[in-house]
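Look for subunit A in each of the two complexes below; its partner is subunit B in the first and subunit C in the second.
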Partner chain A sequence: MLLALLYDRSFDSVDPFIILAFIIFLPFAAAFVLPIIGSKMKEKIGWFATLISFICFLAVLYLIPNVSREENLSGIIPWINELGINFSLRADGLSILLAAIVSFIGIMIMFYSNGYMSPKDDLNRYYQYLLVFMGSMLGIAFSDNLILLFLFWELTSISSFLLIGYYRDTEKSIYGARKALLITAGGGLFMLLGFIAIGLVTGTYEISQIVSNPEIILNLKSSPDFAGILILILIGAFAKSAQGIFYIWLPNAMEAPTPVSAFLHSATMVKAGIFLIARFHPVFSGTDLWFYLVSGTGMITMIFAGYIAIRQTDLKAILAYSTISQLAYLVTMYGFTTEILPTIGVSAATFHLLNHSTFKACLFLIVGIVAHELGTRDIREMGGLAKKMPITFIIAIIAAASMAGIPPFNGYLSKELFYESSIIMGQQIGGIWSAIIPMTALAGGVLTFMYSLRLIHKVFLGKPANEEMYSKAHEPGAIMLIPPIILAALIVLIGLFPDLFIEYLVQPAINSIAPGSEKLHVQLWHGFTRPFIMTVFTIAIGLFFYMKYDEIAESQNRFCSNYKWFSLNNLYDKAVNNARSESAKISGSIQRGPPTGYIIWMLVFTIFLILIPLSGFYFSGGNLFDPSIMRLPASEYFLLAIIVITAIGAAIAPKYIVAIMSLSAMGYLVALLYAYLKAPDLAMTQVCVETLSTILFLAVIMKLRKKEAVNPDPRSDQITKLLIGFISGFSFLLVIMATGIVEPFVPFSEYFIENAIELTGGRNIVNVIVVDFRGYDTIGEITVLSLAALCVYNIIRAKGMKKEKKKESKEEEESTNITDNITDIVPEEI
Partner chain B sequence: MTTIIAQTISKAVFAICLMYSVNLFIHGANYPGGGFIGGVLLVCGIILIYVTFGINRADKMFKQDWFGWFGFGLLFASIAAIFPMFKNHNYFRSAFNVVHFEFFGISFGELEFASSMMFDVGVYFVVIGGLVFIITQIGKHKYSPPKEKDEKNVSLDRKDNIILPEPKEETEITDNTVSAAEGLQ
Partner chain C sequence: MNFFIALLVSFLFGLGIYLILNRDIMKIAIGFGIMGHATNIFIVASGILQGEFVPIIITKINEYTTFIFGDDLASGIIAPIIEGTSEAGMYADPLTQALVLTAIVISFATTAVILTLIYHIDKEFETTDVNKLGRMKG
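Our next item is the complex of A and B:
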């Protein structure tokens, strides 16, 4: 039925944009409704997720004919026009290739998870994360806007974080999840900077415009920021694909459930960085910098990761380092460019992108089966499983042989292409490089061959190391076997009939990276060419060194235990852990707790803020003081004098209760002053606020017992505080006296008075200012009030805190409330 | 001060506060008043009830979750601020209209509706909810003195300066708060 729909081209009338948007949003929508469906389907919910990814895969398949005809499949919904950010989607060969891999492996993984995950796990959460990840990965494939791409990019980082930390209560998975998030999402931020720089240089964020317009490319290449942009984007790509120094997150990410590792950390998410490199290949390639950065990083990572893989004893760790090394192949090949031939390795890399996804996902699933059956992933505990699990063994041989580059599997084909492209690249540069580059490729191949052989040898052959575990082992159920079988079949199929896949998947992708490039011809047998000789050498040297495998691993272990400081993980741990303790130290020294310190600093800075401009103004000949404001009636002077007396009383009163009374007396007198100055509403507010704050003060003071009195300050401190208080009071006095009198400080109340009725329809200017003219301020203030209330609640509920601190914070909140009220009132008064 | 006289009078005062507060609030646009002042006035009335009746009884009388009040207010104010954007205006854009009421040829006068009034409703609720919440929370808090160790930090010279408040009305609060806290547990 679905297939009939697929080939019924009456759908041609459907806007391709709608199909693309459907592919991206279906997994998100499914993740959203999954808990509802999950409550009905219980442990069968995995099948729902499988169905969703199957629908996505069919939709991707549906687009393949259009893409291979190089039709323009794109669409755009304007989003933020001013910034050039649009919701624009586009399908070309490369994105279809990635989307096909993602959705197909998605089906396999979700199918497999039905057998792998135990019903006791929180399955809804698991499949929700997987679906969100799949949706964002498809989003990366199809987005045509750099900023949109970035959004999906970070979404994959976040879903990867959630999946690595799926087992929430194991220390290791928390560590791995945090590490992955910090590195991949952090790299993504650098990439965003690079994107913005591209947007600034080219004036557009649309990828299709940047990539296809020769003028824009020339403009970028000649831009002085070219190197910076390239490096920023490569940081993002390398962090995602675990290349160069960023490799350290991937081994720790293996704490995720094995299907997740197969899906995210080998087949798809780590390909996002490669995808980005391929995407920007037309823009950046052909420059020396591109070759050195991309191929250089790739070659070093390839050798290094392959070498490290040898000492690993955890099955998944071996596969993790092998993934890093295989991704480095891809990076290296995409980096093979010269000015004359800018696309030497593109076709090989794109083909290997497909092949690696098949054999690596398959291997991970095999590891999942083995670990599931034995209950361990330690390679030293295994052996002899071939008798117990013959089907698994055959699949494992196919996948490992493909990874090692042995004919007739697909890995062999792309490995040959890799050797060939490295020879051509070496010849293009000439000199000593014509030997170094092929030799590096060969070394990478040898290492791959060695650990592939190791996997088969140690797990399935030889004698069982642990009899107890061995006796329990048996072939897994069909649910867990079918996906690896399908993948293994695919490995063989691609190996035997590569043309079918190349024509529909790989060649369109190559064309979208390098338009008009030659058609890729792959054959299993093409005579005694140099790549074939290199393959023979690979196997021979690999076998030779495999004899000394244990010695090599031993020497690595010795090195690691002798030079513990010499590792990137060590650096990372130091940086992250120290960041936590150091920042705690700094915040601890700034935020001590008692409000006295905060108030002093606030006042000191206010004094500087006020006095520096005012004194500048004064010394340049300005006049700050107009004697006419001193002409007041005697009654006002009398009122002011009482206010001053109460203020002094509040400061020097020996008992708290007296001080509070004195303070509230001052407040009421100020209210009286407002009333006298014909501001009845202010007076009323002041009376209410004063009453409330007095009650609040008393409620707090009430809880102070005799013995817990705050330590009185020493005399020198008192003098400092007195000085600060006096100077800040004096500077405020200066400001108030100058306001509205001296030329630059004109009151702006005129504007409100003139426009109130016309613009807002209110005659009460005070209220109109609060709720209309300065609505922004007010919404901020009511938010602060709400937050303060929440803080009070939390502080009171918090347990194990020092009681003193509680009181102080309460007083602080209260004082902020009062100052809020005052700031509410003061500007209106003007 | 929790005599029957005080309690009766405070009830009456509360009613007056409530009416005047609503009056202030409604008249805010054209006469002295507004959401903030109206709210603070009502809070004074509410707190008066809390002081005279004690937290436990007053809570039972009001049966209000003050927490919800300022949440609602904040939500309402935000919606009022965002709403113009759905009509393709700027955030916080205000509008007003004067409606003339006339039924059967008899004029009932004019009433003015301003969009800022909606925002003011939010302010009103946040002020009431927030302030009452803070004061009642602090009042309910049962305070237990720190352990013996802390006494060392207390200096001796000003020890006798801090004295429990003598006036009766304040001690009344303590009694209520303690009983309230015990009632809670």
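Our next item is the complex of A and C:
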């Protein structure tokens, strides 16, 4: 075996940290350069992505021997030391298991996508998203720092969002993408709170320290915040793994291309929540709260999702609910911690984690093939495909049988373990629970059996429901067949020779969750034990209820149509859609449009904050107007007077051109005033800017339809506005005059004046400040100008939507007269 | 600060507010321009305060104000340029001027954006009346 060959070597030469970082960053780097390579490889770019995931998988394999010897593979790069946030990576059994699943399924998916995706699709974007997702998933597996884990966690949510919304034009995929992002990324934020709380209680964010140090664990368990931390983290995990009330995003996520669903939404990303639960198993398990929250949620979700799956007619929807139900198995088992066999739940769950990835990914790929061939995913349109697609049919039988828990496939082995752990857990609690827990497990198994049988029966057996589609169907090409064949082979292989996989993959993972746990033994035949009897019952009851399958589905449909309000989706839609309409209402009431509304509010504040206090000060004998400031040279009186005249002209002139000329004259006069106020630089700048503004103003009024201001309001309105203007102006005057009331601060311009020549060699202090002392301000200023330029450019280019629809014909006539370029001034009569 | 400058600033400010309340969008743009001038003049004028309790313009500087660049043209010095070290308090505050210099340039950027918006609004809605624009919403 390859593994055996790799076994005898150690890390004398290569730092394991480098390998871990390489595994994580290779997909990101590949995603980055992918467009460049994509321009060369065109529609073959999928093979590049396949190669990348293959390299990642090899690197993970390379680490397996060291991990199974429980070597310490870790490394750390300090990042934000003060906060305890480090770029620290660590590989243990659990992370290797997840990384192996991710990279292996990654190979399968990217291989398969070469056949599934049409060359017309935006392939670069597709593979980029997939690679980014794979990188972040591997990041989750190997992160040893909680904050780092959180970053990768949210990255998977984002890449999932992008992939669900891959078909950007369809309403449904937008809806699904948004829902998935809101729920998974939102849950992630709760988890972040939990992480920070852990950091506060324990003083570290390093996962390996938290989960292995008994003192820290005891500290956490006795902390009064224990329940809060546990709930916060579980919200994140459940949201990601679609458990409990958070399940609603997963069925809508099926809008993604099928390979994506197989990869993210069944085999890997949704396992991240399970992974988190497993990671924190050493810290939280053994408490009642853990059992009730984790196993309780798991069991309810398992039954509920399995039950709803029966009603579905969309192939992918059946698989989505089945995924929720199967993930609930895992959650339930991780919640089991018994005193007799402390790790039985963990062992069963970890083994099932591996098995579920194989058979569910395989089933999704089969569904992809079927949908690809028939052009529909509706199960009612199918039937009889076994004749047309024999290979696909055989693979489907293997995968579905494994899911249903039928020997000799791998699903059977882990399901037996699940039954066994449920019996032991029931006995542990005792009383009525010793019956209820195994019964719940059995019910979950029965439901799984039913919909697995349904898949095979409705799709491949019986008579074809739609002859036209049926006649077109045929076996797909090799590219789409090879990955499911490999996965099916794996299903059989794990089923027949479980020991190999357990020794190298599952057992190290179990050990890293529960150190020193006994070795997991599984075999196909172990006598007439209780789990075996439960399997027999599962099949028998499942077959019995399968006869009534349509009745059950019908009763569910009736319930759903009678009680439309009774669903979480309804609640979500209401919450999200109402959020939109409510916020529109609020902003609509605050921002009415015309500026008058805002001005009145500003005025209210002006009156209460400035006018009243300052008038009070003045009338109570305060001195606001010192006679010594009343003097001014005669020439300046004149200057001020013409500024006032031009300003009034700009304000009242009805014709735009006159107003603009007035405003421009005022600008030049202000420049002159700056000169009087000892600011020659400003005078210069003002002259330049005023010239430019005037040109711009003129350019715009050239383009306007009317060259005159709209008729003024009725007289009463005019007076109100004048009054508002007067009050504001008067308040401003009071403020200016009141600057003397407060103690003036010492100006720090002395520094610039004293150091200008020495530090910069410039004599003009204003210049020196702008380009030297406060150079960063100038960079900011340049940025603002560039942004404004971009803004202007885009506004000019923007096409009027309303007008286009309303007056298409009219525009055609006018388009000959109107050029789009604003600077291109066409002289018109003014 | 000199009372008349203050009066000018507050007059321009009040006029600017009045214009912004106008229904015509072009007048609003003009109002913004006038308010900008008012603010700039205010800041620059406050730069020649001398940190006394009652703000006054320093007489020595005031003497030269009849000439625009009359500070010391013989040696090529225009306020607030200095040569070597001297009594630093004599100069108008250069920092306020530097800030206003930035403000003037930025006000040009805002004017440009407002004007192109006006251009676009006129093209799309065929009106320059903001009240009518409000009614077109939704």
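By definition in this document, the second predicted complex is superposed on the first by the 574 of 830 C-alpha atoms of A that agree within 3 Å, B and C clash if a C-alpha of one lies under 4 Å from a C-alpha of the other, contacts with A are read in each partner's own complex, and residues count from 1 in each chain.
The working rule: contacts are C-beta pairs under 8 Å (C-beta built on N, C-alpha and C of every residue); 3 or more make two chains touch, one makes a residue touch a chain.
All values derive from a computational prediction rather than experimental measurement.
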{"item": "Subunit B versus subunit C as contact partner of A:Ile765, first or second or both or neither", "value": "second"}
{"item": "First, second, both or neither for A:Leu696, with subunit B first and subunit C second", "value": "both"}
{"item": "Comparing the two partners subunit B and subunit C, which touches a greater set of residues in subunit A", "value": "C"}
{"item": "Touching partner for A:Asp681 - first (subunit B), second (subunit C), both, neither", "value": "both"}
{"item": "Partner chain(s) touched by A:Ala788 [first = subunit B, second = subunit C, both, neither]", "value": "both"}
{"item": "Touching partner for A:Ile796 - first (subunit B), second (subunit C), both, neither", "value": "both"}
{"item": "Contacts of A:Lys655 with subunit B and subunit C, given as first, second, both or neither", "value": "first"}
{"item": "Touched partner set for A:Ile779, first subunit B, second subunit C, both or neither", "value": "first"}
{"item": "Subunit A residues contacted in one complex by subunit B, in the other by subunit C", "value": "656, 680-681, 685, 689, 692, 696, 699-701, 703-706, 709, 712, 763-764, 766, 770, 778, 785, 788-789, 792, 796, 802-803"}
{"item": "Partner subunit A, residues of subunit C touching it in the complex", "value": "1-24, 26-31, 33-34, 37-38, 40-42, 44-49, 51-57, 61-62, 65-66, 68-69, 71, 78-85, 88-89, 91-95, 97-98, 100-102, 104-113, 115-120, 122-131, 133-134, 137"}
{"item": "Contact set on subunit A toward subunit C in their complex", "value": "592-596, 599, 623, 625-626, 628-633, 635-637, 640, 643-644, 647-648, 650-651, 656, 659-660, 663, 666-667, 670, 672-682, 685-686, 689, 692-693, 696-697, 699-701, 703-706, 709-710, 712-713, 721-722, 724-730, 732-733, 736-737, 739-740, 743-744, 746-750, 752-754, 756-757, 763-766, 769-770, 774, 777-778, 781, 784-785, 787-789, 791-792, 795-796, 798, 800, 802-803, 822"}
{"item": "For the subunit B and subunit A complex, residues of the former touching the latter", "value": "27-37, 40-41, 43-44, 47, 51, 67, 70-71, 73-74, 77-78, 81, 92, 94, 96-98, 112, 114, 116-117, 119-120, 122-123, 126-127, 129-131, 133-135, 137-141, 143-146, 150-151, 153-155, 157-159, 161-167, 170, 173-174, 177"}
{"item": "Touch list for subunit A against partner subunit B, complex", "value": "654-657, 680-681, 684-685, 688-689, 691-692, 695-696, 698-709, 711-712, 759-764, 766-768, 770-772, 775-776, 778-779, 782-783, 785-786, 788-789, 792-793, 796, 802-804, 806, 810, 813-814, 817, 821, 824"}
